[in-house]
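Next come two complexes built around subunit A: one with subunit B, the other with subunit C.
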Partner chain A sequence: MSDESMPAIERKTYPIDHLANKLATGIGAGRRLGLMTARKSGDGDPLVLVALLIDLVTGGLRLIEAPMRPGDNTYSSVTARVPQAHWFERSIRDFFGLTPAGHPRLKSVLLHEAWPQGFYPLAATSPQAPLRDTQARAYDFLQVKGEGVYEIPVGPIHAGIIEPGHFRFSCLGETIQNLEIRLGYQHRGIEERLQRTPWRRIPPFAEAISGDTTVGNALAHALAIEQLTGVAVPPAAAALRAAALEIERIASHIGDLGGLAGDIGFLGPAALFARQRGRALGLGERLTGSRFQSAFIRPGGVTRPLSEEMRRSILADVIAFAADFDEARRLLTDEPGAVERMENVGVVRPSLARDFGLVGPAGRASGQGYDVRAALRQPPYDVLDWTPAGSETGDVLARAMIRIQEVATSFDLLHQLLSTPLVDFEIMTTLPDTLPANAVGAGVVEAWRGELIHLAITDANGGLLRYAVKDPSFNNWTGLAIAARLELVADFPLCNKSFGLSYSGNDL
Partner chain B sequence: MIAVFWLFVYLIHIAVLPLLFIGLVRWLKARLQGRQGPSLYQPFWDFAKMLGKGETISETATGAFRIAPLASLASVATVSLMIPWAGVPSPIAGDLVLAVYLLAAGKFCTSLAALDTGSSFGAIGASREAAISIQAEPALLLGLGALAVHAHDSRFAAFLTPSGGEHIVILAVLAGAAAWMCAMAELSRMPIDDPTTHLELTMVHEAMILENSGRNLALIEYTVALKTTLLLGLVVQIVLLAVPLRSIAVHYIVSILLLAATAAGLAISETVMVKLSWRRVPNMLSYAIGASALACLLVAMRG
Partner chain C sequence: MIRTLIQLAKGGLATPAELFPDLPEYSRGLPMVTDARCSGCGDCAEACPTSAIRIGAAGEVALDRGRCIACDACTGTCSTGTLAADRRTRVAALRREDLVLTNAPKRIADTPPPAPGPLRRSLHIREVSTGDNATDLEIGASTNPIFDGGRFGIHVVASPRHADALAVSGPVARAMREPLLRCYDAMADPRIVIAVGAAAISGVPWEGGYADANGVEAVLPANAFIPGSPPHPWYILHGLLLAMGHPAARG
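Presenting the complex of A and B:
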């Protein structure tokens, strides 16, 4: 079954001056920039810039590494040629102190302004504790000038029980001229924490990165470790993982559809979707023993077998649930008032979605066909019968319809996954005791928000040199800022809900 | 003695009905949406709870912020003594123009208080409330005006007394429809605004009172409840013009039942309707103005 393990990563090193060129050519040739970050290297050597390219045709992964010049903390920015690198480069500066010369809008993306100048948590050999009495970092909001322009600051603490984030609207009357999104309030130092945690103990931390994407994060971590160690997962475990992932997608999409209905004041369907989300979480509980499906997916396989009796019972409920969901979603899609309310609101044009590399349902609503499950031909999706959803219009309605289609597809995938008995099967492969030295492993997963990446790089002793996480929200927050431009202030919550982004996954 | 008795009955209605009405709307809404929902009497417990709580007041707020809820309550309470909204004769024979502009004065106080706190949400809410009011006000005034001209008397007690007359059914339907739409706009209810939302950016009325807490908030919540029953009671009385009831007891019972029916109407509209986009609000209010204008035309044509 070694043919079912992920293909190895192609690893290449280039001089730092060639980085922008290599990335731009790679993307021009049909690859996408999965993530870009930096890492430490051997004692005293300069930091190394790291970029992961994903081939959308073959599904192959390529890691490009470019060591910094000794004694020089600046490099020439790639954002001008590869727009989707804009937040990656800002994040690299925050965490490693490397400055991209020529970045069009360089400012902090994640670190809190109360943290001292010159504090770069991932660059130092041992991070110093933040001191509040040093000179604080300033945050430079984009100012919109002109007669009658005013600003509305919203958050970081919001009226609902939701995560913290600050939105700065510059408005003219009831129209948003510019929205600046400021995040980082949920920063918990996860990457640094994971790097100094013994790798066997990482899974509980990894799956807690974003509470609503437990399965996605656990799976991305497991795939990264399996690629590092060259371990193949039993087919039954791969099927159970996919089932968990699809249940998470169903629960989250239905929850957000309920939120969309609530935001347009359509409270009947909102209450119905809220109940159905609970039912989807119930499916997860029966499959994994926990409603958010934690402690189920682990490197090497899954922790809990599925009894034949339980398989039949889940399958029966999946079939009934799919019909009930179709009835519920008709309340939304067959109501002209609701459809009209979402149409032509919060449009992201396909060209912008491509330039900024939007992922997941938001990307697919704006003409980006990329779906990790299909592009990387991951088992068991390569043998199942399904097609990714797609649309071109890029408005709130398109994002809602994509989610509806994806819920239906996920029910269908669950049906296919659970329709054959899984008797006497292996669910866990034993892992080696140590990680290989100087190796790299990447876990790329189509979580419910889109492409989620965990990247693990080991040092000469087999210790974790770098553990990088890229949540789909990291790509899509820019999409929300684009969608809000020139919309009504009162329509922003609707746009926001249609993206349904994670703060904790983004802030790490 | 009889006058004192009726005044007493009237005051009991003012004290009890508003919060009970809000409780009924919420209870019905919960049932319609498949939820158990809070008790019918929850608004009373909330009111008592808020009265006993301390207040947090913005540093930039002046005396206007403290006085506004009281001024607003005074204006609405005065109007509630003028309109026989519960089917019981009102103690004051108020004039319709006075009533409409007393309500506007109350709204002015609330808007002033919202601006006073310096919160951007308060300012947004105040600006939206004003924008909606200037569209709803002419519709309400024209609709009631048509009834007043029809009765040759601008006092509520007079023109809301069923007296029959030519085309009274059409007149009552047109004026009633206009009054209902204006009430939804004035009360920030669906489809203009969703009163249950927590999204500050979409709020109208709720955005203005985000800074209020404790006793101040209790007063505002009661004022809103009183205004809700008052305006919907007015709609009921307009509709009842079309079906004159002989006995005052029957009229009273039917009025209360119809008031409960408007609660059901609110609950249904807030379950099955979609909130209008901000750009569409003038469209809906143009229907209200249209209905009022037709009512005026009808009265004018008849001479």
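Presenting the complex of A and C:
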């Protein structure tokens, strides 16, 4: 295990007119657009566009910054050349009021009718949305025209215990011609809140961004702060963090597999997976004291040592659990009726998955090999024996099989991580009192849904100028819209469950 | 089919015999106020990221579990043992003020038993999520084979028309205000509102910002309050049974 601190981010500034070209060339050369946003500049100068590029070969990070022209809130959209920027640019318009000229489908992505026109919370100094008597933002759904085309509006509130979002299906007969997904109902003003929170108080807030990804968010935040401060994490802490991350992956994938079985109408495995999800939460509770493993990962390390007795007990259960999971999942995957229900449904072709930058299990089911743990050579994964899952078929079955493979891999990783004693090692490094000025730190994590990014940029006084969060769902919602196209309305729940996306993490 | 049945049978009975057992000792639970005398140092209040703790000059402690996100920042700072981990699972309340624990004589155990309501024998719930998806998962878990809310007549239903109770998770930010009110309007009387989780109860940790994520009661009065972030499924069942006036809630 390496205990070196992370390499610094390469930071470059370009004129705004060169941005599209720089991003397109970077992506052509094997980089990926991790996130794109904007930030204020410290001294009241024009806003600056910010893009994080990830080198998939070396794992290196590069931050590209492009200041807007003074007095001009318009720039040339990059989406035509870099399709995966499409939601990022819409989000920049929602929150900063910058208009990407030439964007093929420019409309709000998170702040729609509930919000007043001209209200740009991340560009304002102390934003306060007026409540009444204001002109609401307009929103037009894409209209599919033709004889017999009708719309099914669903949500924001759904039938089950699910987060809110609006799905607008345009159908011909039983076939979905277009699905437009409108989110933003969970928007809680998180980025603005984090930016004005004293940085040492952020960790419990970061965990609340999307509670089902408590570990992923805590880890992404910790990595961002550690890169900013140049702090190295003790190897035992890195191992315990990885154990927590894999337990979160196991619990979440098993929960979604149960949901998938339920939506197929195969209730035996659904009940078994519900119990097994509880068992996985129990592993996390023994490791961290909390079923969702909160207050465990903190910048500098972890808060709780793992006693030898507890390590043995978790390890013993990991071994037994892996076998039990394999039996339970066979009920689903050996059943021809269940497999047939998932096969060739909700296909996302690899070319589209690449263009739209899909991540995580959904990306890997469609031929995108990207897995942060491997691509960024993160400790301790760089010395463990494992390979990322992969498939090309891109249907519901592929996404289910990827998750099954990943649960098995996570059990194996836990076995490796917990097979040696971890007592009597340092688990926390002291952090400096202040953040460095004019610096940047990025935490990139393979959360259970895929690439999760926290980006922190400081001002001239070491205060947080920008704290940006990119949930994997922000990339993958487009994948769901693609998967549903030309499928039957009745296939949508299955497609949806196979992606299992976050609304809270997406809406922020 | 046979294999599925064998697997299910092999698992045995998932539901434990005991209702509302204490959490295991390695679990953090929620903080509580003990009888140990407070030195008045104020370190816990300083450490709390959501201002859930107030300390008076003479060592009067007020811990508001409706604002507690269970981050465990406070108990480690307490040298007198006045704040300690509470692993009991009957922690919900019918009145908001009963979530505030103090070292004055009144305790949560003294909460007067609720008057039996019209929803006593079963409770059909419409859940609305507004930005706290861990709590959604724990509400789901409270009806799974382990916690089995169904044995008390507790069911999650798909339409507000079928619901007796509106269970809200998350802080109800600006864009969910209108959908939540419409859902409530679609419910028939008698109907109750249950705030599930600290975010729903008080909006923590996002309250006071431009998105008006200030909790359920900024929009609708609530009849029951379930603390925790997220609440343990036992906490949730306790709150639901309390709201029903079910004897099992009292223990």
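The rule we apply is simple: the second predicted complex is superposed on the first by the 504 of 508 C-alpha atoms of A that agree within 3 Å, B and C clash if a C-alpha of one lies under 4 Å from a C-alpha of the other, contacts with A are read in each partner's own complex, and residues count from 1 in each chain.
As a convention for this text, a contact is a pair of C-beta atoms (placed from the backbone, for glycine too) under 8 Å apart; a residue touches a chain by one contact, two chains touch by 3 or more.
For clarity, every value in this text was computed on a predicted model and none was experimentally measured.
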item	value
Touching partner for A:G337 - first (subunit B), second (subunit C), both, neither	first
Which of subunit B and subunit C A:F492 touches, first, second, both or neither	first
First (subunit B), second (subunit C), both or neither touched by A:G367	neither
Subunit B versus subunit C as contact partner of A:G211, first or second or both or neither	second
Partner chain(s) touched by A:P299 [first = subunit B, second = subunit C, both, neither]	neither
First (subunit B), second (subunit C), both or neither touched by A:G500	neither
Contacts of A:V154 with subunit B and subunit C, given as first, second, both or neither	first
Which of subunit B and subunit C A:G265 touches, first, second, both or neither	first
Contacts of A:G346 with subunit B and subunit C, given as first, second, both or neither	neither
Dominant contact partner of subunit A by residue count, subunit C or subunit B	C
Subunit A residues contacted in one complex by subunit B, in the other by subunit C	159-160, 268, 271-272, 275
Of subunit A, residues touching subunit C in the complex	112, 114-115, 121, 127-129, 131, 156-157, 159-164, 184-190, 192-193, 201, 203-205, 207-208, 210-212, 214, 255, 268-269, 271-272, 274-275, 277-278, 285-286, 289-292, 294-295, 303, 310, 327-328, 330-331, 334, 502-504, 507
Subunit B-facing residues of subunit A, complex	150-154, 158-160, 174, 262-268, 270-272, 275, 335, 337-338, 341, 345, 488-493
Subunit A-touching residues of subunit C, taken from the complex the two chains share	1, 3-5, 7-8, 11, 14, 24, 26-28, 49-50, 69-73, 127-141, 144-146, 156, 158-159, 170-171, 173-179, 183, 199, 205-206, 209-213, 229-230, 232
Residues of subunit B that touch subunit A when the two form their complex	29, 32-35, 120-121, 124, 190-191, 194, 196-202, 210, 270-275, 277-279
